[in-house]
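Both of the next two complexes hold subunit A, though its partner changes from subunit B to subunit C.
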Partner chain A sequence: MADTFELLRQVKEQGRKVVGVYCNFAPQELILAAGALGFSLCATKEEPIADGEKTLPRNFCPLIKSSYGFAVTDKCPFFLYSDIVIGETTCDGKKKMFELMSGFKTVYVMRLPSSYTDSDSLAIWLKEIVKLKEYLETQLGVEITKENLDKAIATLNVERKMLKELAGLMKNDPVPISGQDMLKLMWGRNFVFDRDEFIEQLQLVIADLNETVAAGQGAFPKGAKRIIVTGVPTGIGSEKVIKIIEDCGAAVVYLDNCSGMKSYETLVETDKPALEAIAEKYLNIPCSCMSPNPTRMQRMVELIDEYSADGVVDITWIGCHTYNVESRVLKSFLKANKDVPFLQIETDYSQGDSEQIKSRVQAFLEMML
Partner chain B sequence: MVSRRIVAGVDAGSTAIKISLFDGQKVENFTSPTGWNPGEATRELLREAALSWETGIDDLMYIVGTGYGRVCLNFIHKDLTEITCHARGAKYLFPGARTVIDVGGQDAKAMLITAAGRAEEFIMNDKCAAGTGRFMQIMANRLGMDVADTGHITLDHLDSVCVINSMCTVFAESEVIGLLNRGFSRAAVIHGLIQSAAERIATMAARIGPLPPVVFTGGMAHNLALRQAIERKLGLELIAPEAALYAGALGAALLAWDMADAQNKGE
Partner chain C sequence: MERCLITFPSVYHAFRAERLLGQQHINVEMVPVPRSLSGSCEGIAAVVSQDQLQAAVDLLGEHRIIMLHKGIRIVD
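Showing the complex of A and B:
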């Protein structure tokens, strides 16, 4: 991390602006078109939680406590060097956390509607997108031109297509890489300084994995049980459940959560006005903060077929009300539409329950024998 | 000479070790406290069990281990979770069982099982010990009682009823002290504790949609007061087979028999 502090310090010295985001709902095209660097601040490590709990209630989800703990202690270089932090009203915990955070940081909160099925929501969200564009222009002292916006849309669409291609390689049996390595690859996208370089790296990884597939090699033996992981975001430091699944011998073939493929599934359409297309793409991200959230259910049924999954594991953080409730919805939807084994694991960033989770996961896999 | 075909199911639980030996027809169960060294204690009990069947550990055809201690058993052929073993054991103890509720020393679980004795859905308590045998044991000890005796306390023995709200073992203990100071009898407090544990177990079991017949297994299955309290809260009868304590070990032994068979056919 020390290197990252230094790297960011230099970047800032050269006059680059940095915009930190927490959720997938922050439209990255606008940040890119404003010539700023966008980084994810969504925290996945246990270490800062104690600092977060000095201010926040203990029964908040670990993601919010960790994020806030990083923010107040200046231990996250990306937060420290952010000129602006963009938040959205995704859940109550985050909404109120941003309120506290604005006491010591420039925080801009987008009013995210709680539905993508309601016909009025898109117009409200489009207004929020327009407001954010104006805010970024004023705050960063730049103009977001149509040309730059179109370019940003094209760049990020290419990334999404490539990530989809990368994820699609996991349809093979054996899978060319483990779910844990896939997580690391996806995680890397949160901290990209040079987007062209990132695309080149993705091309190399895809070429590499295509060779692995062609050679019939893989991270797990052919025939290993295939698990789709869904639910809350998981990253480096909170990959506990994914590691346990793979330690038990099953392959995590798809990461459906928002730290995985959730926001790469669809593109920003290029045949309509840019801001409208952006509003549409982002509002339709099937996060559990949307109510109802039919896209997540329907897509899961398709994914089970596409990835020949033997089971679905839904990870939910303790204190994440929307994902915890939605686990019931997903469970009954899958039972009615696709009878595959389903397991919810409610946990946090600590290691204290690893053995219990291991028992559950092992029992879950034994059900498939 | 054809040697006798014997398999073992070993359930190294948090509180007690349970072992079942099986030769295709006859079953015998053994138990001993887990103590501080589950690996050694389990090996010793298995050695004694095998000896009483005039054989040795190395001559057992197949050994399946289960329970929390299964990871430290270096003499087993295969480890399987308590879920899989209890499902199979419950089906053996009560053919036709659709639901199993198991309350052991360290955890409580409920599962729906198929006619073949396979788990199709399950739920376990989280990392806290609320509603488990350990919870009752700690509380009983605090009240100077053996956990086994708490099962005889029914409403008939009480002139007052108290409610324990805390599910956490530590907080519940403070609540118990408070109730005793307020003059509630020991029996009334025990009754309150059992209701509290039963509430926790029944609420958990309700989430999988339990279907009759329900088999009650594990170390707490013969605690009458707990069983009746869960029955009332679930609105379902709980069947506690005589060998309820051994459901996991029996399931492990039966699965060991299948695996030994499969191995023979493979050869």
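Showing the complex of A and C:
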């Protein structure tokens, strides 16, 4: 067997369709129910940013520049082999990037409302979900049946429950694995070819980690400082801050961001019509592109208790205005509702500021002693 | 001692491989998959010594760990 390019070439030869997504708002149940393979597209490495900057403004966030750089150079195998790329109007930068991307790829952009707190938004988003279903059916030449949709909802709900169980193992002290390894496990879920086999592997890894917990073993000494990481997505290649925190001796016990648990916290409800339930679940993802975003604030207070966190580190990509502004909101909310040390780190994918960040993290951790 | 690389279809297989090999006292180091072997963003590979390679591959096979490459020799 060979690499990802070869695996994708083989599945395409077998007639499978591939749908690429950039964001957690893309309703994966519809992709699965259409019989297509859904993958996250590469966006978290520094390497293609220079190619992205040939077209995009340099002051865009690194995630958008990396996404575009990967896409325009065909270095992301999942982008290369995608029949359709689904985008959403999450932020201005992504919205305009998708406009450019549609010049060389089949891109379908969902009109995401900027609020989950009013009923009008849900009605608009439900229409978008229905439109996407119809688009996938036409474009992929399939019918998304009720039976397949219900099955897809059930499958992905099982995954979400299991990922929550996996994340919940980090409530233990010592933590059974590092936050960096947890990120790798969460990340692995984005590139699944066989969902049944994935669930089997997930079960086995959870069983292994339960053994580690039972043996009292851990990735850090018992009593290590416990940090929740929140903010922008930090995937493989852009895990700099998480690594620095753990290199400084603290354990990252929870990844609240999009590359962590953000979209696995809630399920698609099964006691209501499927498309309505999907619309409701996805619209309520507490991303900073939502304004206001009370779910993120309230959930963070609960997480601090559940994971016995000593501090919160909020990562912001330079150029990500929504997470940058919301950092102030989160800081104020936590100060009023949960007095824990809070540190915002604004950075990008480069390593140039690593030592500076290390100094700030060390000072932050010393403050907790 | 010559070292060899074993690669996997997912990080889940890699994590389980690390644990299984460790339990059988086979020295293993987990490393990112070299770009020359995979264009994927997520790969983790296991590095074992040449003399323990066959034992490692047999053990992982017995435990149904899928391997993509079963021993690419590393040239330092």
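Keep this in mind: the second predicted complex is superposed on the first by the 366 of 369 C-alpha atoms of A that agree within 3 Å, B and C clash if a C-alpha of one lies under 4 Å from a C-alpha of the other, contacts with A are read in each partner's own complex, and residues count from 1 in each chain.
Throughout what follows, contacts are C-beta pairs under 8 Å (C-beta built on N, C-alpha and C of every residue); 3 or more make two chains touch, one makes a residue touch a chain.
Just so it is clear, the model here is predicted, and its values are computed rather than measured.
By the touch criterion defined above, A:Gln298 reaches neither subunit B nor subunit C.
In the superposed model, A:Gln10 makes contact with neither subunit B nor subunit C. Contacts of A:Gly235 after superposition on the shared chain: subunit C is touched, whereas subunit B is not. After overlaying the two complexes on the shared chain, residue contacts for A:Asn337 are found with neither subunit B nor subunit C.
Residue contacts after overlaying the shared chain place A:Thr117 against neither subunit B nor subunit C. For subunit A, the partner that touches more of its residues is C, with subunit B and subunit C as the two candidates.
Using the contact criterion defined above for the overlaid structures, shared-chain residue A:Gly352 touches subunit B, although it does not reach subunit C. Of all residues in subunit C, only 9-13, 15-16, 19, 37-42, 44, 68-69 touch subunit A in the complex they form. Within the complex, the subunit A residues that touch subunit C are 1-5, 7, 42, 44-45, 75-77, 181, 184-185, 187-188, 190-193, 198, 201-202, 204-205, 208, 235-237.
Across the interface of their complex, subunit A is touched by residues 68, 80-84, 107, 118-120, 122, 124, 126-127 of subunit B.
Residues 346, 352-353, 355-356, 359-360, 362-363, 366-367 of subunit A are the ones that touch subunit B when the two sit in their complex.
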